[in-house]
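This is the structure I have questions about; it appears just below.
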Amino acid sequence: MTKVREGYVRPLDIKNGRVDLTHGSGGRAMVQLIEELFARHFANEWLAQGNDGALLPPAGGRLVMATDAHVVSPLFFPGGDIGCLSVHGTINDVAVMGATPLWLSASFILEEGFPLADLDRIVASMARASKEAGVPIVTGDTKVVEAGKADGVFITTTGVGMVPEDLTLSGDRARPGDVVLLSGSIGDHGMAIMATRENLGFAAPIVSDTAALHGLIAAMLATDAEIRCLRDPTRGGLATTINEIARQSGVGVMLDEAAIPVNGEVAAACEFLGLDPLYVANEGKLVAIVAAADADTVLAAMRAHPQGSRAALIGEVVADDHHFVQMTTGLGGRRIVDWLTGDQLPRIC
Amino acid sequence: MTKVREGYVRPLDIKNGRVDLTHGSGGRAMVQLIEELFARHFANEWLAQGNDGALLPPAGGRLVMATDAHVVSPLFFPGGDIGCLSVHGTINDVAVMGATPLWLSASFILEEGFPLADLDRIVASMARASKEAGVPIVTGDTKVVEAGKADGVFITTTGVGMVPEDLTLSGDRARPGDVVLLSGSIGDHGMAIMATRENLGFAAPIVSDTAALHGLIAAMLATDAEIRCLRDPTRGGLATTINEIARQSGVGVMLDEAAIPVNGEVAAACEFLGLDPLYVANEGKLVAIVAAADADTVLAAMRAHPQGSRAALIGEVVADDHHFVQMTTGLGGRRIVDWLTGDQLPRIC
Amino acid sequence: MKYVDEFRDGKLAQGLAAAIAREARPERHYAFMEFCGGHTHAISRYGVTDLLPANVRMVHGPGCPVCVLPIGRIDMAIELALRHQAIVCSYGDCLRVPASDGLSLMKARSRGGDIRMVYSAADALKTAQDNPARQVAFFAIGFETTTPPTAVVVKQAAALGLKNFSVLCCHVLTPPAMHHILATRQPSDIAIDGFVGPAHVSTVIGSRPYEVFASDYRKPVVIAGFEPLDVMQAILMLLKQVNDGRAEIENEFTRAVTRDGNPKAQAIVAEVLELRDEFEWRGLGVMKKSALALRREYAEFDAERRFPLAYSVVPDNKACECGAILRGVKRPQDCAIFGTVCTPENPMGSCMVSSEGACAAHYTYGRYKQ
Amino acid sequence: MKYVDEFRDGKLAQGLAAAIAREARPERHYAFMEFCGGHTHAISRYGVTDLLPANVRMVHGPGCPVCVLPIGRIDMAIELALRHQAIVCSYGDCLRVPASDGLSLMKARSRGGDIRMVYSAADALKTAQDNPARQVAFFAIGFETTTPPTAVVVKQAAALGLKNFSVLCCHVLTPPAMHHILATRQPSDIAIDGFVGPAHVSTVIGSRPYEVFASDYRKPVVIAGFEPLDVMQAILMLLKQVNDGRAEIENEFTRAVTRDGNPKAQAIVAEVLELRDEFEWRGLGVMKKSALALRREYAEFDAERRFPLAYSVVPDNKACECGAILRGVKRPQDCAIFGTVCTPENPMGSCMVSSEGACAAHYTYGRYKQ
Amino acid sequence: MCLAIPAKVVELLPDDQAVIDLGGVRKEISLALVSDVAVNDYVIVHVGYALNKLDQDEAEKTLALFAEIGQVAAA
Amino acid sequence: MCLAIPAKVVELLPDDQAVIDLGGVRKEISLALVSDVAVNDYVIVHVGYALNKLDQDEAEKTLALFAEIGQVAAA
């Protein structure tokens, strides 16, 4: 009798094929897409269980769970793509809680007609990012929507990690007198995205900083310094992140503009567009609120790590009933650094 | 001096407002949307931490993690909406692994222009479903894309649960001689969605079965019977789920058509559309593969639970190198029950 | 479901099965062709074969309108969508049929074609009314069953004076196909002892057009409904005819089929459509007077005249045995690529496309028998 | 960034601050109006006020083109998008300005309007070329700085013979606004001792049009660049004039501004646009000869003539003090709803909309001083 | 493809339209191809059009025949 | 809104277009409003159009003046 290969026969045409609605139907075409594309790249023992979810080994301590949808446009940009971004973004959200990121889930919403070659490239990039970070993608989901009902691909990742019993990092722990540390230059990711936008019509050698930060964070936590809180200043940029912390902790913050690293091309591109780099997104930077006494220790640990070589002390936490974030300007004046208002930027994460 | 309410001032206009791009910008408008809409409905201590992720208490045992993107169209349908569906769907994926579902994350992709009133209704429905299930939504994310780049709202939920050390349910554990149990009628969800489609032009009193199944599952597990595997037959329907299990376990399955409950209107609607209810989606049903000796015990436990009152033994696992799922038809003949091929259905989950 | 469930009753099926077993003479073999895909589907889905004695064999016929649609016609529909940017309305059955260049209507959608599934010809007309700024083409396929609704909407479009609606008419006729099958049989081919004749086609055209087969080719024909008990009863009736040495036209489907069919439907079809000189059928080749086209009076609703569209013959995969299968001289499992290269996900030939196709039905419902 | 960073240098700022502190006589108060939103923005963003002595106060002027745009004109742009289904191209600054019925261009987008942000008038023209089947309207706002590019694209559209491009012209002129402010001052208003004059407007029109203010109203005017050191130097120059009892027009921005401006730009503007008899300014009311419209020769590119569009006066929120703020007689914090009902997220008045508006600048950069 | 269903006419509508019922599911169809259809008639419905009336007497006769054949065969 | 930037012309293109550079960022702009612009000139760029040439001598003089004022003030 005819030997039928399990379930399906002809391999996916990754080179020229496109996503169509059958790839989301729950039927054999979907199984094939998952096996020949997703599972091939993500290959790990948990995903290989092939169940509705992943069964994971016991992990002591408290859990951290974080999720992010990624809708960046364009999907491929200098320095990365939506795939690695979706891995980094969620690992970072887990890691800034002080947790060791352990597992990721990935859920894809695909637009009918999306080229399989692009999907393959994206998934390969996710797999690489996940492997480099040591955080496997253990479960996932795929849906397909009609052409015109999505924008190529959206990826939601969720991360789970474990925090040691004695560690709590939280945005409400900043206290007057604490210092604000920043791991490196700001605005690179957002401006790298903007530079790809044809209608903005500018060209700049700007590369996204997308990166997983848990290695840097581990090095910082290893100092046993009094770190109050960590956060990755993504959408809304540094300004928004600092405002969030000020609000959560009920404090004010005084930043020092001159201390904040901004790459020259990013500054210039901001000048062209009338943007302030303080509001431009980052995907591989972190802000740390640290007890003043430990500032040097933590800064030294950051600078010793490749991702923190340009780490800087950029401000301090002050008492302020209005929870204003203020900044001493390069000119020597003072201004408020407000929350982001509105948004005329392209989609960045 | 002027007293400024924290961060923003005028409440969201939930009645007439619409999502615009500023709601996804990371700035104050987004914070307001999260606080006045999402957090209001989901209110719980973990979400209230306000960090990038949720810090959760220690939980002994092995973790289960499952994720699903929900892209159902229409968003509101008889018996439910995308909100409760997104809670049920992921709880069920965690629960069928034998785990107690503990926490959910929720990530929203919103289309510019989406009415806030609809979003509010959806989020309220999620909150209700989460509360009824006792599984809080502990972290989330919101992105907004330009009009025409999504379809109202997509929701990805991820669930985490814990399984006892001694319990492993997995699709690869079915053995010849085992029986196949089904918790109730099939096809209700998928046909409820179809009935809303204007272009199909039929009207039927069909209500989605969307429901969280972890209560029923707990009752089944409490029997200490030898349950090999549980699964919720969603996209692709019962046929696809049984094929998945047969393939994972390397066995065949022989179903009994006469034993499979199908509601009259569902059967009639399938007749109109030329569909087979075996391939129509369910969102509140489960399939259990159980050792034959324990069939009655498990069936009794299922029937004693309101979600399993129509539970039935619908087939048995057989040895088959082809891993064919076959069925004795109501007529007395025999046929293959293949994987779903293609998909001409509306989006259902 | 009244008049549905009763005709699927397991107990009655046992009775009919017993009667068939009695009627079939053990000393000989019987082979009957079920002309329609609807019968093929019923036989497969309900496992009717299991209720037949081993010496009664059913042979699948060419009566699946999707299966006999040549690739070149699908290419035309795709061209309407992709090159002429028309909204193409199609019955769901056609969406996944493989066309040239690795395309299908479904894949053309994912390449930007505005292709919409409709459940009714009326939906296609409505699409045209709702999109006055776009051209809307209805990909009209099917046998005599499906033809009258197409004729109705063309008349309506004319009455409404629509300027943006047209029909890519691919309607074909069953009697020429039956002639072809009987006329092309070789002495070496498996003998066919009789035909289960079309169900819903006959509601429209009646049983009269089949009388010629009984008389000219001396083959019994039993018109039968598409429910499994109808098919079983038809088999029983065919067995009796064969055993009696009769070759008559009989009607099992009396609840819906008369000798003359539906005169109103026939009249509307005749008013709007006319015979084509010839038309290519997939697997069966070009047949004279076997298909319909819009009459000259309705030329402006004819997509083939409104758009610069040319039909090209596209040969089937060389290994494909569809032609022989459609003529009833081979079985799906006789094809070298059945179930390996050719599956419902990646159909190579027409018989694997529709669930009513002989190969798809065997793959989906019957493979366990191999 | 050459010619940018040098003009933001903290050390030079200290020197200028020291010179200002020396020049300001402790026994008196000085109040200078910075005419332009660009100056307002520089003062706020770089914290220039902190470098000024307490007796030197800067008063914000009306020179923010977004702020002075009346609601009725935004309503017209929204009408073009929603009612006339045109693609409306707008500079990003205008997207969030509140219009009637709780709308803004951004909210009109979320109600289905095809509203696109452009960075250049040239992008609007390109949008029209790329969408030949759609009407494309460019929402042209701005002072003399932004007017010449609009004139260029109208000429180009005419040369290309485009039939789907038009301009909703809302360009306004700075000198009439300056006249208005000086002419409407009441004795009870805070005295203004001089003006920091427009930077980029003056690159186009030159410094000559401001000479009349020095001579007629006896107020010193110093044209200054938009970098913080430019503003500081202008303040120093104004202090010197006041202390010397002079009222002259001086130019700090010599690197970009001449007495006569850019004659080529002026000529193109004059060729395409002409003075309107009158135009409403938000906060300031109707002013004669204060704005431009397309000349009759270019009428077909005038959205106000191509579409049935009517301008309606829409009154501001009653509590809003924008008018007084734009005239320099009140400060943002004098408004009862500043920072409570009126915030950058939900602006009630024009001054809260653009980051160059007096209220928005104070909210965003300066609230800590309250 | 030639899928057609016998369904009961429950309401006649203007423009040759009707509502039919099959097992509790209702659908609007066209009667443009048939004549003299009344409420409670059964029609054979294909792609939204009634192709013919169903002759209920004949249906009962056919079923009775099936039953009879079964009895004879079992005898 | 009147945001304008001084940038260096690095390439002249056909149709009165040019490429300018600001701190490593390049952009194509229009020279339709200015005359006699050469490579290495600085122009004031607003919404994609050069509004004027920047007089580099005057810029240096202004900066020198700032420095001088500072020294005098500090003296």
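Each chain gets a letter, A, B, C, D, E and F, in the order it is written, and its residues are counted from 1.
As a convention for this text, a residue touches a chain if its C-beta (ideal position, glycine included) is under 8 Å from a C-beta of that chain, and two chains touch if they have at least 3 such contacts.
Heads up on the chains, UniProt names are A, B = Hydrogenase expression/formation protein HypE; C, D = Hydrogenase maturation factor; E, F = Hydrogenase expression/formation protein HypC.
Treat the numbers as computed from the prediction; the structure is a model and nothing was measured.
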| item | value |
| --- | --- |
| Number of hops, subunit C (Hydrogenase maturation factor) to subunit F, where each hop joins two touching chains | 2 |
| Highest-count interface - the chain pair sharing the most C-beta contacts | A-B |
| Most remote chain, CA-based centroid, reference being subunit A | E |
| Rounded Å distance, subunit E centre to subunit F centre (Cα mean) | 83 |
| Inter-chain centre distance, subunit D (Hydrogenase maturation factor) versus subunit E - centres from mean C-alpha coordinates, in Å | 75 |
| Centre-of-Cα separation between subunit F and subunit D (Hydrogenase maturation factor), whole angstrom | 21 |
| Gap in Å, rounded to a whole number, between the CA centres of subunit C (Hydrogenase maturation factor) and subunit A | 55 |
| Two or more partner chains touched - positions in subunit E | 3, 5, 22-23, 48 |
| Subunit B, residues touching no fewer than two other chains | 4, 21-22, 28-29, 201, 264, 267-268, 271, 322, 341-342 |
| Residues of subunit C (Hydrogenase maturation factor) touching at least two other chains | 1, 4, 14, 96, 106, 119-120, 123, 345, 367 |
| Touching chain combinations (by label order) | A-B, A-C, A-D, A-F, B-C, B-D, B-E, C-E, D-F |
| Subunit D (Hydrogenase maturation factor) contact footprint on subunit F (complex, rising order) | 1-6, 8, 22-23, 30, 32-35, 42, 44, 46-49, 51-52, 54-56, 58-59, 61-63, 65-67, 69-74 |
| Of subunit A, residues touching subunit C (Hydrogenase maturation factor) in the complex | 1-5, 8-10, 13, 16, 18-22, 28-29, 32, 112-114, 147 |
| Residues of subunit E defined as touching subunit B within the complex | 3, 5, 22-28, 48 |
| List of subunit D (Hydrogenase maturation factor) residues in touch with subunit F within their complex | 1-4, 6-7, 11-12, 14-16, 18-19, 21-22, 36-38, 63-66, 91, 93, 119-123, 141-143, 145-146, 148-149, 152, 198-201, 203-204, 226, 229, 233, 236, 252, 254-257, 261-262, 264-265, 268, 354, 356 |
| Contact set on subunit A toward subunit D (Hydrogenase maturation factor) in their complex | 199-201, 258, 264, 267-268, 271, 273, 276, 322, 324, 326, 328-336, 338, 341-342, 344 |
